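You will see subunit A twice below: alongside subunit B first, and alongside subunit C after that.
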Partner chain A sequence: MIEILSSSALATVQDQGREGYLRYGVGTAGAMDRLALSVGNLLLGNPEDAAGIEIPMFPFRIRFLEDTAFAITGADCAARLGERSVLPWWTAQASKGDVLTIGVPASGTRCYLSLAGGVDVPVVLGSRSTQLRGQFGGYNGRQLQKGDVVQAVGLEQAAPLHELAREAGFGTVPPEFSIPRPLAVPEAEATETVVRVLPAAEYDCYQPESLAAFWSEGWKVTPQSDRYGYRLAGPTLSAVRVIEKRSHGIVPGVIQVPHNGQPIIQLRDAQPSGGYPKIGTVIEADLWRLAQARIGTKLRFVQTTYPEAVAALEDVERYLAKVRNLVDLFRGSRH
Partner chain B sequence: MTHKIEVQVSELRQITSWLTEVDIEFVEISRPGTTIRLTAEAQQRGALHESPLPAVPGGGTAAAAHVLEGVQKQVTTVTASSVGIFLAAHPARTTPFVSVDGHVARGDIVGLLQIAQLCVPVLAPIDGRVLRVLATHGDKVGYGTPLFVLAASA
Partner chain C sequence: MTCIIEHASIAYAGTAGQMRLDSERTAHAMKQDDSDPPLCISMLGTTAMLFEAPGALDLRAQRRIWTLAREVESWPGVREAVPGVTNLMLTFSTPPADPGLLDAALRDAWAAAGELQIEGKVVELPVEYGGEFGPHLHDVVAHTGLSVDEVVQLHCAPLYTVFALGSHPGYCYLGGMDPRIATPRRKVPVLGLPGGAVSIGGVQTGVSASTGPSGWNTIGHTSMSFFDPMRDNPATLAPGDMIRFRVERIVS
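Then we have the complex of A and B:
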């Protein structure tokens, strides 16, 4: 059980998302960086579908109202539990009354706070994720506010033998150091986020110069970017003819091009349908990279194929499987 | 314990010969109430090595300490309690956890052992000052490899 001490923090309860309801007009919601949430759950030995708290605004402060194991993953934040600093991608034990302060990230944008057993909110349509558009799911269908008390499901954990180890915790190597970054041509700068993209239905409707720019230029993440989608700024993408389309189903990751020629990437809280032409789709395996791209930085798109996109997802799953095995071994060795 | 341990002496011989071949000093397997330790004699191993390190007290931390009584002050060597890669700083950071002459409190993280994708902390067992940092960032270390020398604060 924790109490939120930060006001208007825009933090939400999220799990891996609400799958299977797009056809009814219900968006997926769910964590923007699902990989980070997965690792947080693995560190704690939580079920895969456990919910955590997605934090996009800093500093974020909570008070533990009981002894609870927690994990922080995602953006590299300067975090403190009382006086003690907590490393990124780390799990530790909090005692009743401890205050956890998650500071402004040095890199990345979203931090995930996981609690032992997962955040305990009702499952609505198969998920604990906050559906902001529909105002249901998560914590009363809204963002967390100062004074909210959030319950953890709780979990019987193997108590580490050593008192010091229990306090200090352990962590994982962040995935950006384990899963190779896709290669952009021309080479991407260190500050650019590189994601792989599958050409989408209207890809062939764009001018050859526009398509060349799409793959070779950096696309700035504008301040109008959030869980709904990222509006990008860069060279104008021009179609060879006017494209008029009826509204049709879209999924997180779809890159649309409105009439102004500046692309929008639809994300977890996007409407499940739209009528803008689609130039591409960011592959599922790279959505976690997108989730951590900062406003003002640039994105680079790398063309990929369906088999490569499937292989990339397998890379992510292999990383998670490794972490799962290692955590089991590490916890097991302390029994 | 109802669990029956079935080990052939010939298997133990095989394991010790493997240890000798690859120059590993000892293997220790611990379970509640049971510790099995196979130590290869120093003369069997390469002549380059010092005598095996003294046994360290059991514990769940990545680092265990053994205390050597110095001439003037109490000096503690922090050793690795697992095979891994020693990290002086977190993979995402550049500033090392500690540097020579820096002060540490008992339970402070002074380094990390990277074991594949895991990061396990090396903890200061006492309040004190860092006298020496014996391992370099990125070093492969074994069980018992000395990592730091700390001087206990008076």
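Then we have the complex of A and C:
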């Protein structure tokens, strides 16, 4: 059990998302960086579908109301439990009364606080994720506020930790150091986020020079970027003709181009249908990179193919398998 | 109760005739910007595939989309079949190894798909047009050159068919609006519109199910609960259901 001490922090309860209700107009919601949440759950021995708290604004403070194991994953945050430093991508143990302060990240933009067993909120339409537009799921269908008390499910039979691991905790390598960064041409700067894009239905409707700019230029993440979508700023993308589409389903990662020629990447809280032309889709395997792109930094798009996009998903799976193996070593489930 | 729900078949002779007319009008209006597109199948990354039916935006095409949705939702690797407006999105539980095979199977299924006759219910929604909750009624009047009364009469005359749900939980895309009241989407979306907003966006009309932003022109307001996440079937309306707007009041 924890108490939220920060006010208007825009933090929400999220799991891997709500699948199977798009035909009722219900978007998936879910963690922006699902990979970071997955690792948090793995480190703690939680079920894969356990919910955590997605934190996009810092500093973020909570008080533990009971002894609880936790982990912080995602953005590289300087966190302190009382006076002690807490490593990111590492397990830690809080005692009743401890205050956890998660500071402004050195890199990345969202972090995930996972609690032993996962955050205990009711499953609504198959998920614990917060559906902000529908005002359901998560913690009473809304963002967390100062004074909210959030329960953890707890783990009745936590796997026995290796003795050393119990004292010092254990952790893993963040995915950006394990999964190779896609290669942009011309070469991307270190501060740019590189993601792979599969062209979508209206790709061929853009002027050749617009398409060239799409792949070669940096696209600034504007302040009007959030869980709904990232509005980007860069060269104007001009279509060869005016495109009006009938409303159709879309998924997180779809890059739409409204009539002003400045692309918008639809993300986890986006409406699940739309009619703007689509120039491409950021592939599923790179959405975690996108989730950590900061406002004011630039994105770079790398053209990919469907087989490469599927292979990229396998790279992510291989990384998760390595983390799973590491956790098994410490938790001793193989013995 | 603010609405009357009665069960009816959309195969009623009078109703069907009216709807054919509505569909033709819609199709005519769409031709201005859509010019009967060809069949198109495209990928949305590795998450989904989009099938867009060829030809006019009409109820006949939509009924075939409903058939296609029922057919493909049980295909292996398909998580969900999501009808849009004369299109269908398939989301994957497992990305297909060869999307070309799925593409071909979709074309075959479309060629074989007949028109699904859904025994939909008819819902009557009382609407307060104009005033505080219909702030853009006058913009529609200005754009169309019609009077307030004419816009309202044309808007509440047809029996609208729910083509598909989307946009936000419980929201219905309606087919059958009279193209004479078609009004372009707003340049700047309006934030925080309350649920129940009756609005026009281009040649389409609809009712919002919850508070949120909208780029459409809000011409009125109705009170009805369209969505309850605690129900197994959370949406009040389904594709094939029909809506009739009844004028409760005009505030001009």
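Quick note on the criterion: the second predicted complex is superposed on the first by the 319 of 335 C-alpha atoms of A that agree within 3 Å, B and C clash if a C-alpha of one lies under 4 Å from a C-alpha of the other, contacts with A are read in each partner's own complex, and residues count from 1 in each chain.
Following the convention adopted for this analysis, a residue touches a chain if its C-beta (ideal position, glycine included) is under 8 Å from a C-beta of that chain, and two chains touch if they have at least 3 such contacts.
Small disclaimer: the values here were computed from a predicted structure and weren't measured.
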Thinking of the overlay built on chain A, is A:87 touched by subunit B (first), by subunit C (second), by both, or by neither? first
Pick one for A:96: touches subunit B only (first), subunit C only (second), both, or neither. neither
Examine A:146 and indicate which partner it touches, taking first as subunit B and second as subunit C; both and neither are also allowed. neither
Between subunit B and subunit C, whom does A:318 touch in the aligned arrangement: first, second, both, or neither? neither
Give one of first, second, both or neither to describe whether A:169 is in contact with subunit B, with subunit C, with both, or with none. first
Could you let me know whether more residues of subunit A are touched by subunit B or by subunit C? C
So, A:330: does it touch subunit B (first), subunit C (second), both, or neither? first
Check the residue A:273 against both partner chains and state whether it touches subunit B (first), subunit C (second), both, or neither. second
Touch check for A:251: first (subunit B), second (subunit C), both, or neither? second
Overlap of subunit B and subunit C contacts on subunit A, residues none
Could you list, by residue number, the parts of subunit C that touch subunit A in their complex? 30, 33-34, 40, 42-48, 50, 52, 57, 69, 79-89, 91, 95, 97, 99, 164-171, 173, 202, 204, 209-210, 212, 227, 229-230, 234-235
The answer for subunit A against subunit C in the complex is residues 19-27, 124-125, 131, 133-137, 198, 200-201, 242, 244, 246-254, 271-273, 278, 281-285, 306, 309-310, 313
Touching subunit A in the complex: which residues of subunit B? 32, 58-62, 90-93, 106-107, 109, 114-121, 123, 125
Looking at the complex, which residues from subunit A come into contact with subunit B? 76, 87-90, 106-107, 160-162, 164-174, 177-178, 319, 322-323, 326-327, 330, 334-335
